[in-house]
Amino acid sequence: MSAEEVYEKKILDRFSDALIAFVVKIITLFRKDWAKRNKSRIDEWRLMLYALNRSPIGIAGLVLGLGFVIVGIIGPWIAPHSYDFSYIMATGKFKEYYLAPPGTGGALLGTDDLGRDLLSLLLYGARVSLMATVLVLPIGITIGIIIGLIAGYYGGAVDEILMRLTDVFLAFPGLILALAFSSALTQRIALAIAHSQFLTSLISSLFGVKPVDALNVAPILSIIVALWIVWWPGYARMTRGLTLQEKNNVYVEASKALGLSSPSIMFRHILPNVLGPIIVMMTLDIGGVILTEAGLSFLMGAMVKIPDWGAIVQAGSQYLVQGKWWLVIFPGLAILISVLGWNLFGDSLRDILDPRTRRSIEFKIKKRKKIEKGEKQ
Amino acid sequence: MSGPQLREPLIEVKDLYVYFYTYAGIVKAIEDMTFTIYKGEKFCMVGETGCGKSVTSRALANIVPSPGRIVKGKVIYYRDGNPVNILELSEEQLREIRGKEIAYIVQDPSSALDPLYTIGYQIVETMIDHYTVKDWKEGYKRAVELLREVLMPDPEQRIRNYPHELSGGQRQRAVISIGLSNMPRLLIADEPTSSLDVTVQAQLLELLRRLVREHGLTLFLITHDMGVVAEMCDRVAVLYAGNIVELAPVDEIFKNPKHPYTMGLLRAVPNPQADIEKLEPIPGTIPNLIYPPPGCRFHPRCPFARDACKREKPPLVEVSPGHYVRCWLHAE
Amino acid sequence: MADIKRFLARRALTFIPTLIGVTFLAYIIAFAIPANPAQAWAGGIKANPEVVARIIREYHLNDPWYVQYYYFMKGILTNSIIDPRWGYPVMTYMLSRFPITFQLTLFALFFLIVLGIPLGIISALKKDSWIDALVRTWALVGVSVPIFWLGYIFIYIFFYQLGWINIAGIPYPKVHITGVPIIDALLSGEWNIVLENIKRFILPGFTLGFAGIGVIARLVRNSFLEAISSDYIYFARMRGLKYRRIMTHALRNALVPVVTVLGLQFGGLLGGAPITETVFSIPGMGRAMVDAIFSMDFPLLIAGTFLVAIIYVITNLIVDILYAVIDPRVRF
C-alpha cells in the first residue's frame, strides 16, 4: 500500500529510541558500516521495543526483574546489618533480638532465631540468588546451544548419539538429578575452595560474604554446578529443532557452495537466526533457576550457612507453628516477586516474537499517516 | 437451454453486504450483491483470489467466518416453495439446513477433515445428525455406497482409513461424498479441485458433473478458472472486489463480454470459445478493500475509465435478456 | 493395529539405550561422591579404622571406575547394595517408601486433571471473562511460586489458624494389598481411613499440583481455542453437525497435546515430591532422599534417584503409547 505508515509515539518510545541509538553507537565503534547494513534489523528492534512499551504486564515484569538484578548487585552494600550474628552478641541483648516480629527493635521485617535482621539477610540472599542465575544460565545455555547446533547441523549418527545422550539427562526429573549431584559435589567443591586463596577471595566478593565464609558457599556452588548438568538438555533439544528447520533454507546451501566452513555457517549464520526463541526461553528460565536454586537450598537447609532465600525459609519454618510467620513469608515473597517479574516479562516477549500474535500487535502500533484516495500504482 | 427467467428460483440474494472487522480496519468484502440461483441449474461464480466468491457462498447458509459479519441484505431460500430469509433463522434451524439442504464441498480437503476420526465416521456422523439414516450400521453401509459412487477405490477399506492415510484426490472424494451424503438441494462447491493435480482435477470435475446430472442437484460452483466455467456452467457471475460486475448465461459471457474486467479476464486466460492470439495480463492489482476506490471499484485498472467512473458507483443493469453488467459504459 | 505394534517396537528400541544411559548417569553421581564417606558411615572421626577399611572394601570405594560401575550394576540388578546405616538392601527400602510418594503424586495429578482441564475449557469458551483472566494469572503465578512457601502458607492457615488438618503420621488401613494406603482402604472398604487419607493428602497434593494446574489449564485453553478455530471445525459447522458433536471433535483434538504435557508434568511432580514431603512431613521417597543427604547415605540417595528416573522413563513410555492411541498420525 502506498500510504506511508508512521508510528504513534509515547514517552517510553523515546526512551527506547535513545536506548537503540546507544546500542547502535557502541556497535559502530567496532564495525564501521554495521548500522547501514543492518537497518532493517534495527527497525525490527525498534518495533519490538515499541510493542513491549504497549504491554503493561511486560513493563511491570521488566521493572520487577530489573529490580531483582539491582537489589542483587547492591544488596550486600545497602544491608543495614551484617548477615552474621556477631553484632547481636556485641550488644549483649540477644533476648530482645530473638525472633522479634516485624517492626520491633528497628528490624523492619523482624529477626530470626539468632537475632539477625531479616531484611539484611534477604538483601544478602538476593546476591546469592542473582549469582546463581548469572552463573547457571549462560553456561548451561552455551553447552546446550553447541550440542544442539552440532546435532541439528550434522544430523545422522552424530545427531542420534547426542540426542540419546540428551534423552538420558531428560530422563531424570531435573530437581532430583540436581539434588543428587549437588549433595555429591559439595565436599569436593569445599575442598577446592579451601586449597585456593584466589577462589576464596573471588567467591567471597562475588557472593557478598566474608572471606571466612567462602567455604560455606560450597553448597550453593555445588547447586550451581548441578544446575549446569540439568539445564543444558532442554536448550540442546530446542536448538536442534530450530537448526533442523533453518538448515533447509537456501542461504545455508549457498554458504556451503561458497565454501564456508561448517563452524562458520553454524555460529555466524544459523545461530543468529535461531536466537529469538532461545532468548524467550532464557527469559522464562531466569525465574526457573531462581526457583530451583531456592528449592535445593531449602532442601539442603542446615548445610547452607550463608544467607540464601530458600535456606532462610527452611530455618524459619520450625517457628511457623508457633505463629512466627515472617521468617517464611518474607523470603518466599522475595522469591515470588523476582520469579514472577521475569516470567511476566518472558511471557510478553514471547507474544512479541511469536509471528502468530505479532501482526495484531503491529497494527496497534502503526498508524497510517494519511489515506491516499483511490490507490494508484 | 431455456431462459433462466422461466425457472423456479431456489435461492435469492438481495442487496447483501458482508464486512470483515480486522485489526487493520473494516474490510468491505461484499457490497451490493444481488443474484438468484434457479432450481436445477449450474451457477458459477468466477473472480480473482480475495474478490469475495467464497464469502458469498458462505453467506448463503449464514456461516461467514469470523471476523466477518453480514451487515445488510437478504438471502431468500425457497424451502418447498415457501420463501424463508436464511439470515433470520435461529442457529438450530440453520443447522438443520446446513449439510442437509445446502451442502458444501470445500477447497482444501486435508484441513477440512478431522485428523483424529476415520473418514467413514465423518461421513456417517453427517447423516446421523440430520436423521437421514436410522443408525450407525446403516450409515456405514450408505457411506460405502457413497464412496463407491464418487469412484473411491476399495471403499470398504477406505471408510476405516484416517484422512492422513489418503491421497489428496481421495480426500477430496471423501469430502464430496460428505457433501452428497444427505442429497442436498443446493451443492456449493468452492474451488473443489484447485488444490489437486491437473489430471485428478479433470476426473473430479467430470464426476461432479455426472453426480449433479444424475441426482438433479442445483450446483453453485466457485472457481477462478474460466476453463472450468466453460465446461461446467449454465450461468456465470463475474466478481471483482466484492461486486458482481457481470452476470450472464455462459455462452453470452464468452461470446459477448460487456464489462472491461470480463474482457480482460478472458484475454488473460486461454479462451476455449474464442481464438485469441496472445494472453494479456490485466494491469494493476486488486484494490485494498479496507479503503476501496470510490466510484467503480475497477476504475484504477480500467482502460476505458471516465470521470463518472471515479465519482459514482455504476448500477447493475440488464443489457440484454439475462445479461447484467455493472459499468458506466453500458448504463445509459 | 499393525502400525501400533510397529510403533511400540520402535519406541522400545529407543527405550533401552536410555535405560542404560540412566544407570550410567546414576553411577556418575556415585563416582562424584567425596573421597571418604566410609568414615562417616562408620561413626565419624572416632571410627574404628578396621570398620572403615571393611566398608571401603565392601563398597569398592578404592577401585577404578569400571570396576565400581560393574559392582554398581550388579548391585542394582541383584538388589544387593546394602544400606550402610541400617543394613537393608537400599532398593527394598526405597521401594517401601514408594507407595506414599505415589499416593501424593496421585492427588496432585487428580487436581491437575479435574481442575486444570475443565478450567481450561471454560476459559476458552468464555474468552476474556473473569475465569479466563484467572486461568492466565494462575498459569503465570503458579510457575513463579516456590512450592515450599505455598505449603507453609497452607500449613499456617489450615493447621495453625484453623486447625482443620493434621500433619503427622499416615493413616494406614488394616489390609495390605497394593501398599498405597488410600487404594487399599478403598479396596477393603475402610471408609474412615479413606477420609483420613484425603484429609492428610489434599493440601500436599494441591500444593504439589498448584503450578501444574495453571500450566495445564492454559494449555487446554490455547489448544481448545486453536481447535475451535480450525478448518475441520468450521467444516463440521458447514456440515450442520450438532453442537455437542462439534465440541467433541474440538475437545478430542485439544486434548492431544495435553497428554504429552501431563507426562512431562508427572516428572515435575516427582521432582517436587522431596520439597512437598519435607514441608508436610510425609514419609515418602523424596523425604528419604533428603534424609539420606544429611546422613551422607549415598547408596540410598543414588538408589532413589535411579528409581525415580526409571519410573519417569516408564511413564513417558506409557504416555507415548497413549499418544499413539489417541492420535492416529503419530503411529507412522
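The letters A, B and C name the chains in turn, as written, and every chain counts its residues from 1.
Here, a residue touches a chain if its C-beta (ideal position, glycine included) is under 8 Å from a C-beta of that chain, and two chains touch if they have at least 3 such contacts.
Predicted model, so just to flag it, every value in this text is computed and none were measured.
Engineer: Could you pull out the chain whose C-alpha mean position is farthest off from that of subunit C?
Structural biologist: With centres defined by C-alpha atoms, farthest from subunit C sits B.
Engineer: Could you tell me which pair, A-C or B-C, is linked by more C-beta pairs in contact?
Structural biologist: Higher contact count goes to A-C.
Engineer: For subunit B and subunit C, let me know how many angstrom lie between their CA-based centres, rounded off.
Structural biologist: 55
Engineer: On a C-alpha centroid basis, what's the spacing between subunit A and subunit C, in Å?
Structural biologist: 26
Engineer: What are the residue numbers in subunit A that touch two or more other chains?
Structural biologist: none
Engineer: Can you tell me which positions in subunit A touch subunit C when the two form their complex?
Structural biologist: Listed in rising order, the residues are 164-165, 167-169, 171-177, 179-181, 183-188, 191, 287-288, 291, 294-295, 298-300, 302-303, 310, 313-314, 317, 320-321, 323, 325, 328-329, 331-333, 335-336, 339-340, 343-344, 347.
Engineer: Provide the residue numbers of subunit C that touch subunit A in the complex, in ascending order.
Structural biologist: Its residues touching subunit A are 14, 17-18, 21-22, 24-25, 29-30, 32-35, 140-141, 143-149, 152-153, 155-156, 159-160, 267-268, 270-272, 274-275, 278-279, 286, 289-290, 293-294, 298, 301-302, 304-305, 308-309, 312-313, 316.
Engineer: In their shared complex, at which residues does subunit B touch subunit C?
Structural biologist: The contact residues of subunit B facing subunit C are 58, 61, 63, 65-66, 94-100, 103-104, 106, 108, 111-117, 125-126, 129-130, 162, 164-165, 178.
Engineer: So in the complex, the part of subunit C that touches subunit B is made up of which residues?
Structural biologist: 229-232, 234-243, 245, 249, 252-253, 256, 326-329
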